[in-house]
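What follows is a single structure, and I will ask about it in a moment.
Chain lettering (A, B, C and D) follows the sequence in which the chains are written, and residue indices restart at 1 in each chain.
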């Protein structure tokens, strides 16, 4: 019930936020922040109530009741579809990330002059609801439903409140994700139908489908269906091209949510579905997937370096960072997967912050073109310092979460394939190149004489502080997150292990 | 019922020729009146085929359908002629190649 | 006291964080006290720890918390103290404190006083973590931390894009090495299952025998990190540019501490390198070539700080040479003495620059001997130590290195016979060192005055200079307690001829410098002005054209590729699909021309198609 | 005979009301009365379905079969007719004085459709189809004085007449060989051995029959009339045409398909597959950069028919009705509801002006800022057409996918996915247009005063009802699924 409420609070809250527009333009954002905070506290309140040992229980792959929380309701019995939500450590981490970044994204748009504030905030809340649904859904039909539903408000955010190229960007975003989503739908249905022909009953339950025998050739195709959908969302090379456009054109809050949270659904899908459902096929495919990961890491970094648009640069850096996630998932061992999860969380914060900075710059300078910036540290030292921190985080500076993530991924990958690790490690160098050039172009260099701009204010600094603290905490003491995720990984390993060789330290 | 005296195929060929004539009229005539007439020809050729087939099978069904076709054709043409009047009124032409604005 | 060692890095760290959070709103005096005082306190703690440690003599380790644990990968925030650590700690906090003190005056007029000390303190904290780390991951944290601080401090005066470029170069070039090192870490963990240095070395010893491939690869990768950080061939090009930062920064980071981290790393993991004699040989060769290359380059520079920078590269080359020939203690010894006299030289140079309106070209200086006496004496002592004139600190350490090189008796390959050659190369370097260091002294402090100093260094600059003078002079008499850390080396038993040559070479160098740059009595112009001479000078001046080489083969292709791909060329595929759809749309739309006759005809065509289809398939 | 009447109660009610309406018009024209009579007719007919449901299945003469299947489609048809009637009031108010016949024609057309869905014989099929068609020709041309509706009507009349002729000729050929005109009879006769030279006649006949039906369903390559007629016809009529006409014909086709066991003939199935693929691709491609909303919906309907045909082909593969019929009926219902919603919204947008329809994409530019509710509802309808979850369109697509996978029709599914991918573009283009800030002060903006779109209570009720149905069936489709699963044919 808690899980359902988590989603319902956001859905209903979105409607209220929309309605509250009538009370005044500043009401919707207040309502929105309040709603997300309530949701967050609601979840934290539950967490405070459970014994800590429960977090280390390895959830059984066949039995949702061993999970932290589960909620099931018959929905469409005709096809064995149920409204089935469940939460384990992995989902918990991601839901928490979603809610925290949700608050931050609303704050990030606090000072933007957006028309129809109510609908704007409603869309943000609905996107969050969709994302949380994705993280919690344990029925593949339901999962797909949330997967698609979160696109619509996101699309509206870009299409309505985006920047100059929003038509192209929003369309590209929707078509890429929708098209790949259809491939996934096909794969989901094919899997369910295989289950039907094997057992005689329809079921879309993750737990049932895990044990569905799939003939090898078929498994490869179905795995690809899932894989492409998730990799488009991740985004992985060469399906990433929607991302720079979408990120660049989205309003700040949209970029924050898109980069901070939405991309993680792809990574989550890979971990939760692609590999466990088709272990053998995924293993066969792993070299290609890892190659795509490396290509993304390098390609994203190279293109990030050459961008002149601040937001585009950050967007390409996301491509690069999410390449590590792809690597981590397909290396498929504890170290690499922990790294991948850590990367999801850390990248969520670091990129969200960079997009907020980009948004703040755009709001103040009315441009995102770095050729028209330079020397901004002089005018806005606080923003400069914050940007510096996140630039360093993005290049994988030890002591912040991103380093832990990338190190673990590469360490885990090394046991699987040293040469790929070496290639991926090039990303560490290229990351330094683009992160530093970003600082140089925007904040260093000769200040403009007649520029008068406001530095980061109280509210923005607080949001930044949250993310800085979070990243440092993840960088110096990531253990709570690791501990929450480890049992889930153990459970996934046990699902996969019967069919595939797992390498590395488990 | 006696059935058909001449071979069914011959009648069908005649009907087909009629049908083709109508179709050709539809494809090549531009005046809406002639097009309507071609349509009549087509419908009636179908009717002819039905009658012949019905006769060949010694059933009344063919004739019944023919009656229906007649009725249908009459209805179509009456509505059609009504429209033709309006076409003349609104487009000032009966040439369907010119009385044409919808496309794309 | 030992259990409080965590305070050593914490104090400067806390000071740094406070300075960042207050963002320059504190009074300058307080900033200075926090900045220098925190390092000073750390130095005191190091002193206390060192005293206590001298009694215990056994390594001490302390785990603060487990950093991250995944399976058996469980590096901790753990410190490990042995004699080597204590030596390094002393150098870092001691010299560090002096440089901070110096900075309080040097940076007096800078508007970003607070930011400066924040970065400097952060650097010290990171450097301390680096040397105290008990595992390679924590070491790596310090390693990257100092790299970042170096980046920040080189680019401290951010308004000039040249500084920005220099700082980025410094960071990226070292990052190349760091990446190699990271790969080394992966390899070591994958093979040995731990990154904790001591257990790892033991495991390596029991797992592999000398000459195995894997330890060689691992050592090679670590060496990659070391050459990056220590500015050795082929990754040395960043250091001369890094002089863009404030001079005390150059003294602290790019002379005394950070650039020697590579030496420390190799010394710390010497057990691994011993398993890979070929790599060890490579270390020596890298050292030798670097010291020669840098010495030749230093001879031709005109910028006072660049001369010192190349000299630093050269001196670290000596340390690498020492490590390569197995003279671990000598390497560390030279590390320490070099820290003293090079910090002294940099601070002296800083004082010159500070007092001469930020003039850095030595040919625009001159005759400063009487105008800046304290600086002159500092410089003279520093140069003497750098040139390894007898009885200065540099003499003892360099002498040990050269003798160890001479005596190298390897068991395989080229190490059987290369010892004397290394020695000879080192001697060439030594004479060059003497020449360029005294070239500097004679040009800057003798001759006619070309620029008038506008101020004199105050006590906060003078005191560190004086103290470092003393250290540079007596540093050679320190006995480092490193015997228990490194494998013992046989006593030197070389002929007096060799010793004599080693001693006299620097003196000859000084003599040449005196003749050429002071008396102007050696007719070198004939050579230097010839076309060959000019070409050679330009070649050396450019640092053997390494920058140009890297620019051509790496930087330009990279930026070129990046710029060529800027517009997301992959989109062409997707745009191609879109164009295909749009083209089809246009084509199909033409069929919707609106002519009813055509519609009827199409229906007939459709019928024909349908008939054909049906007939064909059945 | 009494049960016969009961079994045909709804068509009879419609006929009677149509007669009454005719007399009312003859005696005294009164728009409101006619409208009320039209509404009454539809409502009564819907109510009449209940007693019919008690006695089905019931064969009434060899021509008509009342069964659950025909009842369900009758309900859909009557519902569409009612919605059209309700909307027409506002729409017609500003257009011309004499609207009364409009409702009469609607009733007649619906009657034809109802006969069509009950038809088990070529004769009733022909009657239903023509009754539906002839009334529609008039409906298209009737309400407006402009040129476009007239052109649309005459095009539709002639082409549709030609298609009927082709269809009839096809049936004539089949009749000539097989000697029977009832669907079941045709099926049985087809299983008997047929002479070599007569097979050609069968083949030709089948091709002609499917040409005719393909035309009415606007299957590629018989689709060309669709956009012109959709565009020319007044919006409510377009909506009616898109839903009732298409739905009834498809329902009749399905019955023919099953009764005559056409699904056994692999050649036919393969040919239909080709047409289906062509429809999915061509329909979506044609709509791609189209600027006229009604044309977009026309092209999209071509694609949707392509999707729908997958169910027929699945039937051919699986050789049993189960999932295929369920999928077809669900998809059709979903499509009808969604299209009705879309056209209703367009009709509301066009209600306040007196001449042409506001059907260009530029007309709705910025609608979101002026009429957020209206824009949002149109967005939902478009998303349902695109098959995005939470709408009934998604469940429909889900059915098609499921059926397609059950039948392992990978090529068709690929076309479906590609087609859907393309379709996103033009649906979203409309959505995007509505969210654009500044209406480009040209063509549409002048016509459309921001405050001119006033929703009457009636219109509000209608669109809310439709949106509610779309969302309700999209979220909780189980009831409908169960019901459709139990439909026997």
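FYI, contacts are C-beta pairs under 8 Å (C-beta built on N, C-alpha and C of every residue); 3 or more make two chains touch, one makes a residue touch a chain.
Bear in mind that the values here come from a model prediction, so they are computed numbers and not experimental data.
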item: Shortest contact path, subunit A to subunit B, counted in steps; value: 2
item: Pair exhibiting more inter-chain C-beta contacts, A-C or B-C; value: A-C
item: Gap in Å, rounded to a whole number, between the CA centres of subunit C and subunit A; value: 37
item: Rounded Å distance between subunit B and subunit C, as computed from the means of their C-alpha atoms; value: 95
item: Averaged-CA centre spacing for the pair subunit D and subunit B, given as whole angstrom; value: 26
item: Rounded Å distance between subunit A and subunit D, as computed from the means of their C-alpha atoms; value: 42
item: Set of subunit C residues in contact with two or more other chains; value: 589, 592, 594, 596, 600
item: Where subunit A touches two or more other chains at once, by residue number; value: none
item: Residue numbers of subunit D (touch at least two other chains); value: 154-155, 158, 162, 166, 227-228, 290
item: Chains that touch, pairwise; value: A-C, A-D, B-C, B-D, C-D
item: Residues of subunit B that touch subunit D when the two form their complex; value: 8, 12, 15-16, 19, 22-23, 26, 32, 35-36, 39, 42-43, 45-47, 49-50, 52-54, 56-57, 59, 61-62, 64-65, 68-69, 72, 75-76, 79-80, 82-84, 86-87, 90-91, 96, 99-104
item: Contact footprint of subunit A on subunit D as seen in their complex; value: 368-369, 372, 383, 386, 388-390, 394, 398, 401-402, 405-406, 413, 417, 420-421, 424-425, 428-429, 431-432, 435, 476-478, 481-482, 485
item: Residues of subunit B that touch subunit C when the two form their complex; value: 23, 26-30, 35, 96-97, 100-104
item: Subunit D residues touching subunit B - in the complex, by the definition given at the top; value: 122-123, 126-127, 130, 134, 137-138, 141, 145-148, 150-155, 157-158, 161-162, 164-166, 168-169, 171-173, 175-176, 179-181, 201, 227-228, 231-232, 290-292, 295
item: Contact set on subunit A toward subunit C in their complex; value: 238, 240-241, 244, 302-303, 305-308, 334-335, 338, 375, 377-378, 381-382, 385, 388, 392, 397-399, 403-404, 407-408, 410-411, 414-415, 418, 421-422, 425-426, 428-429, 432-433, 436-437, 440, 443-447, 476-479, 482, 486, 504-506
